[in-house]
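Have a look at the structure below, then the notes.
Order as written gives the chain letters A, B, C and D; numbering starts at 1 within each chain.
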Amino acid sequence: MSNKLTYAQVNRDIMRPLFTPTMAWHGLMALALLGLAIGGVCWGIQLVWGLGVAGYHPPVFWGVYITTFVFWVGIGHAGTLISAILFLTRSRWRTGIYRAAEAMTIFAVMTAALFPAIHVGRAWQAYWLFPYPNQRQLWQNFKSPLMWDVFAVSTYFTVSTVFFFIGLVPDIAAVRDNTRGYTQKLYAAMALGWHGTDRQWRHYMAAYGFFAALATPLVLSVHSVVSWDFAMADTPGWHSTLFPPYFVAGAIFSGCAMVITLMLPLQRVFKLDAYIHIWHFEHLAKLCMFTGGILTYSYGCEYFIAWYSDNPYEWGTFVDRVVGKYWWVFGTMVLCNCTIPLLWWFKRVRTSFAGLFIVSIVINIGMWFERYNIIASSLAHSFDPAAWVYYTPTYIEMGILVGSFAWFFTWFLLFVKIMPSVAIAEIKETLRPPLKHDEEAAAK
Amino acid sequence: MRQLTRATLAIVLFTGAAVGMAGFATRANAEDDEASAEEASEETFTIGMKNLLPPELFDRNLVVTVGQPLDEAIEQPIAFTHERHVKTLGMDCNYCHSNARKGVHAGVPATSVCMGCHALVDTTDRPELVKLKEYWDKGEVIPWKKVHDLPDYVYFSHKRHVVAGLDCQECHGEVQNMTVNERVAPLNMGWCLDCHAQHESITENYGTKAELRRAELKDCWTCHK
Amino acid sequence: MDGLNRRDFLKAGAVATSATAAACAYDYKVPQEEVLPYVVNPENVQPGLATYYASLCNGCATACGLVARNTDGRVVGVEGNPDHPSGPGLCTRGHFDLIAAYGPDRLPGATAKRTTLSWADADKQMLDAVAAARAAGKTVAWLGRYRTGTASALLDVLAEGGLRRVHWETLGVEPLLAAARIAFGVDELPVYELAGARTVVSFGFDFADSAFGSMAMRKGFAKARNPASDGFAARLVAIEPRLSSSSIGCDDWVSALPGTETQVALALAKLCAAANGYSGAGASLLSGVDVNAACAASGIAEARLTELAAMLTAAPSVVLPGGPSTQGADATALAVATLLCNMVLGAVGTAVQFGRGFRPGQVNSFADVKSLVADAAAGKIGVLFLDGIDAIHALPAAIGAADALAKVDLVVQFADEANDSTGENTLVLPTGSGLEQWSDASVESSLHVLGQPSMVPLHDSRGLGDTLLTLAKAWAPAAPPVEAVVAPLEGSTDATPAADSTATVAPVAAPAPVSTASLVASAANFGELVKARWTALLMPAGANAAAWWQEVQTIGLVASPPALAAVSWVAASLPEGTNSGSGDRALVLFASHLGDGRWANVPWAQELPDPVSTYFWNTWIEINPRTAESLGLGEKDLVKVETDHGSVTVGWFGAPTVREDTVALRMGNGKTTGKYAKGRGANAFALLGGEVDPASGALNLTSRVRITRTQGDSGLHALCGSMNQDGRTIAARVNAADAVANVEGEAQSIVPIHHLPTDPRVEAAGPVDMFPEPQHPTYRFSMVIDTNACNGCGACQIACAVENNTPFVGPDQLRKGRTMSWIRMDRFFEGDENSPDVRYLPAICQHCAHAPCEGVCPVLATYHNLDGLNAMIYNRCVGTRYCANNCPYTARRFNYHTWEWPQSYHLMLNPELSTREMGVMEKCTFCVQRVRSVKDNWRDAAFAEREPGKPVSMDKHRVPDAALQRLTACAAACPSEAINFGNWNDTDSTVRQLGTSPRAYTLLGELNTKPGVRYMAKVSHHAPAFSHGGGHGGGHEEGHGDSHTPTEAPGGHGGPDEAPAHGHGAEHKEG
Amino acid sequence: MSSSHAMGASGATVKAVYKHLDCLLQGIHDLQHAGLKDFTVLSPIPRHEIDEMLYKGEPSPVRWFTLAGGILGGTMIFSLASLTHANWPMIIPGGKPLVSIPPFLVVTFEGTILWASMFTLTGLLKFCGLPAMNLHPAMKDPRFTNDCFGIVFERSGNRLDEIVHILESSGATEVTHG
């Protein structure tokens, strides 16, 4: 970090977006609320009429909703990865971006968590998925991957949120001390009376380390558990031990791409160049290139295993993905996830705003299609040829997909407006602390 | 304006975080069945049939019961009193509810059954009997209100329970003492299961096979249709 | 339900963001219901308990017996009457008839000009019109479908009084009846006993579906085809331009050029005669037959005919007559030729039986219909009674029935719903369903079926018999009081020109002379008349009338062993008949599910997928895929089908079971009335010119057409996603020789199930389970389905829908593939293009012991229970649909919406199980409500026999196999008795025997799901022995099947006949 | 800043504000050297030096909470899964044994993490004294979350002058008491 920055300057810079309105923010917020309205209306229609308004038909019982669920859970990986794993490995480039990445994680998981409720046939009974004592003496099936999912996602959400909030407390305190009136009272309540006493910092740092240590296996487990939704099923195209690492790599791939997509404009609009540098993005891009490589390898591996197993069902599904009616999904996936990201091997591309922004968006699109490819094409081409179908999403499903993005962006926009989107205390930590000794040396 | 927006957004954030569970507290059905079945089984049904979780774990205060609230008296078209018929006159339940040992529904007696006796009973100064007579004369159906109303997805056979040797009172309460018929049992799933898991009649009826029968009785498809 | 109920609230709450506050304020309450007792208890009615009535199926003229199950006053299920000689099972039509009884379009009462009349007014109008017509010298005429029994006898009485009777059906029997008269001089139909036939040659006869008397023939053929029953599996050879649903499972399709079937039949007869040295009376007909010319004309290689003749003469065989696809202008000649074949083969008298008086009452020809219509058009008809015929829809438009009907003074229509023929001058008298009214029928001298009402009429309808009785009472005095000997078995036949009727037929079992006319006056209603007539005709002398009638009502029929009669050949020459028409392709009509339109307003019938195309709710043509390719047809293109008489524009299906020069058009749709029928598809009869076969007067159902591609979207969707199995063994096949050999040999499966490469170490270790199979202490309910007996007719599907309250979803939803039928009929075209090997497999929930669906349900809504059932608790289901994804058999159905049931169908709902709301999964339950009920009965018995103070005996608890075998709705319905149900734990049970037989296999066995359902492979002689066209005909190797691997090879390594059916498979894959 | 805080029996409140970290550390060192322990150090950032000087590297007891939460959570979820399945032994999903270890390990893992983190949170709040709504007003100086460090004596006892002296001499930019 630049040594020119002072602690007070950091406070000023990072809190500036909270107090200065921008047209861009209001425009985006309006757009997000519009999308939210679209999604809400679509879901309302679905609740009233039933899931028939979506494109399901036997044997395709999962479609856009689960695709989007997995997509958002995947997005939700980068934040905790960056904040927890990079914290534990003491990577310096984490500091500038981790707060926003973590916020992205929380909101992505919040978005993902909507989808089980949207997806189930009887959303009004979805609370049955949680174990609670009841007069029916009935419990859940803890052998079901979906139950694991419920546990994994809710645990991940809870732990990430706590981790996020704990990280925020000193910064909220800083914001509190820069506000007046009722806003100050609100921030004061959220800051939990944080004033940076020695006792607070002492246990805080210990607990933060534990949170990071606890969140780390979660990052790796959540998408593994999500992948078991598929891998534990017997559907050809799903039933593969490759899935957990493949999904985790994909999740980090898409998550990092999403971080790039979100933080490039953030850096520009809020003029945070001093804290978020292009080399932050370059690091993220390199992480993407690495996980993208794993992903490409996994794609190949899937085909090899399907061929080598000589299992006609498995191989049939994989061939159908390429030559069947889902060829365009497969093509989009390979193009967006394997081919276009190769551009980042050129330093010029991965250090330019346009190069980073466009490719990261392409990756996000590609990763959505990857999940769609896995879910729709496998189900549509299952064991019994008599049941083969072609699934097409409906407008309702696409509306809810749009709504999910809007929901995510609404939260994210609120976040950047309410909370410091770069970790103030940690940025200060990376600075050389103000020393009398330095000043004296400078004076000489 | 800006502050207002910010305040609204902050409030949304706070309320959104506060999610409460609605507790539909109904009046507790006090006693759990104390009768614990004797472990009379010699032949072990190897997957093991024990109520591993104590019933106390299931807090009846937290739960919804099926049907009408327990102590709400339901107004019937004719103020029929079981007490008079059963206790005073000593009639058997089966006389009127003859279907209980033969079929799924116990049923309410046809008006003709009532009139079998009431044709001979003096109706002067007895307005309820006058009502009965009016229904009979007009050939109209008496619109009795259901006191015990199971959901439509439940298969409940009165015959099975009567044949197994259960007393009507075990579920319907001391009907012989009721002037206005009331529901005393919650009729919810946990209540059904309490007996299906450990009612003594199972041991009496099935002897060495009681374990198996208890397992069968706890199968969802025993009651759900 | 007033206001907001809990569920709606929760739905709303899920949308609302602030559910918490509202939830606290919400007042939870269940609606107050009433319990309504009877005023006076009806006899024998216990609320909630079913009452069974033996009755008569009115679905067609065949008159099968049925048992109607009445629960709480409504018939909610029908099954075949096991006491009927043709045994258990009931085809689709019987179930459609039940559904039709609850149709929303049913008229509330007698109706004229859309106004409901009282019956007194209606009777007055009818009788006045009759009187006026007779006074004016106009004819009073009757146009109706076949009727037997007391109704027919009453019509006889009316006919004596001058009623002009015409009984005709689209898929009628007149060519065969005329042929029997010409060939043998008898006035009855032959009864084909197929059970003992080694080879069956069919010239299009729809013996398993639409043909008169199909139930018995179907069962006979299933028996003949079962290698375990007699140690052989019959070979079925079809000589027809389109494989009907009867012959779709044929071993050889030797299709002749359309219109040349008669020549082929004669050539075959000649070759057979040459082979077995026949020189009987029929030989004279054969002298002029030129085999070479016939082969040249038909395009069949002579060698193959010779071979066929050799096969026929080698063992007991039957040649079946023509059917809808071959009913041309020479229909009678073809029928005579097939009878001659049987004569030559010596099958007449054994497999082809006469003397049983088998006929559907009076039979008139289409020529009679035409003359009636012509008379009506000329204004000569005063009153026309229309009984069950929608004349304007179902008669070829060319004969002008619409105009003619308008010229009749009063048309009295016996119909429960207004149909296309209901006009301004129509008086509709609803007859009610057969389940609501008295009826009887007798299509054989030795068999009388009683149709007793099994529920109170749902509407103000009056039975046909009662109206006839009214007519007879008003009319009969004018007629001379004849003491006619009423033989309900022999309708008076005045229609067809009788051939020289040398009385070689032994008289049918002579009933006691009874005058129906004399009974009319004393009968207060038709029920009484039926009883009086049955008592007079059928009661053994000296029997107690009341007791006897009680017994008849219990059994539902009076039957005695049929008496046969010897017949001899009398025909000296073939009847004339030539084909006509212009155009480049032959048009044949086929009926699937809708009949000639009779069931078009039954939504479940519309929805039942066609067995060949798996299309629904529409009209389409079947053409050969190569023809489609040559026309450049796209999957959803429309095709214009034109004859000289009209044109229709419909979608198409590329069926390899149709000749390249043939177009098959579905009949039944194209109606202009009816809630469900209106606007569906096109009317196939618009294409017919109404020409007749001169010999019998039968309608020529074939024609010549031109087809052209048209713009537009047909909107057709195939429910079966693939044309073939893609090399997988779903519907397996075994070679007949192996199947027969293995019956005697060791019981070892001859069906390969492993698709995976085998490893000797794995083989040596045997299959290893990670988990032990769940315990089934008492029952392991299982099902064995013999695909060899299955022709995809759909009876199981429709029976299942009626029993289990599965809704119809309508064409729009079905086009999305959202069928709710718990049984999916898999259809695969295997084999080569020229002789397709069509396989059917009713795919249901397999009730796996290691079910993939169960483990993944997060809320335990589905699980394996102690009886081996894969249970599904609808109320627990949240709707994650994971189970359905994970079911390799795609057996689960999801409720996409809360399906709307028209109010009238609510009465048909089976109260024994729930209807399902939107968002929950459902699937086959093995009819758990029936299982529960039968277990309950046995438990009662055990309690009843319990010794005091001792526990009940578990042995007495256990339901015996006999009570289980036909327990489920599908097993009870299957006319071929292909579905067996039972307890696998019982080693003597039928399912255990069948399920361990060599032909049995489990579906996708390599997944080791341990299904409770087993299938028995289709037995086939299918080998490239015959193929139509001259190409590779000569290369038949008798030993092919034996030298080949016993069965089809595992997927991917398929033998030559296992290649994907044809090049167009991919094109239709997604339908 | 505010010195209006009433001077109690235990002496006045002393607050020192530092602009420089090295001065702060010097101040802490001097105070400790003088045997003064009853003060609170405030800092906008966590500094190990402060922690070292005040707590001599003694680990935070929060870790025991984490451990206890993890063990308890894992045990509870595994027991919940096993007991609830065993309570319905006739309900066999997919033919798997009633208590199947591999699938239960997944939820056990999740339970462990969840409860460990919840206990950590509890421990954090407990040991940090959060929410700390009644901190001494002297500590509620906005500069301490911005760019200044501070040392606060809530009660200076009878060594007020000494404290003030030490603080001022260590380089505090501002020392107030009252």
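One rule holds for everything that comes next: a residue touches a chain if its C-beta (ideal position, glycine included) is under 8 Å from a C-beta of that chain, and two chains touch if they have at least 3 such contacts.
None of the values given here were measured: they were computed from a predicted structure.
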Chain nearest the overall C-alpha centroid of the shown protein atoms: C
Between B-C and A-D, the pair joined by more C-beta contacts: A-D
Centre-of-Cα separation between chain D and chain A, whole angstrom: 30
Centre-to-centre distance between chain C and chain B (centres being mean Cα positions), rounded to whole Å: 46
Centroid spacing, where centroids are CA-atom means, of chain B and chain D in whole angstrom: 56
For chain A paired with chain B, centre-to-centre distance based on mean C-alpha positions, whole Å: 50
In chain A, residues with contacts to at least two other chains: 137-141, 143-144, 147
Residues of chain B touching at least two other chains: 47, 53, 64, 215-216, 219-220
Of all residues in chain D, the ones touching two or more other chains: 84, 87-88, 90-91, 93-94, 96
Chain-level touch network, classified as line, ring, star, complete or other: complete
In the complex, chain C residues that touch chain D: 771-774, 848-857, 860, 862-866, 1010
Complex interface listing, chain D residues touching chain C: 88, 90-97
Touching residues (chain side chain A, partner chain D) in the complex: 6-8, 11, 131, 137, 139-144, 147-148, 151-152, 154-155, 158-159, 162-163, 166, 169-170, 173-174, 176-178, 192-207, 210-211, 214-215, 217-218, 221, 225, 228, 425-426, 428-429, 433-437, 439
Touch list for chain B against partner chain A, complex: 2-3, 6-7, 9-10, 13, 53, 57-60, 62-65, 186, 188-191, 193
Partner chain C, residues of chain A touching it in the complex: 40, 43-44, 47-52, 55-59, 61-62, 116-117, 119-126, 128-129, 138-141, 143-147, 150, 229, 232-235, 309-313, 316, 325, 379, 382-390
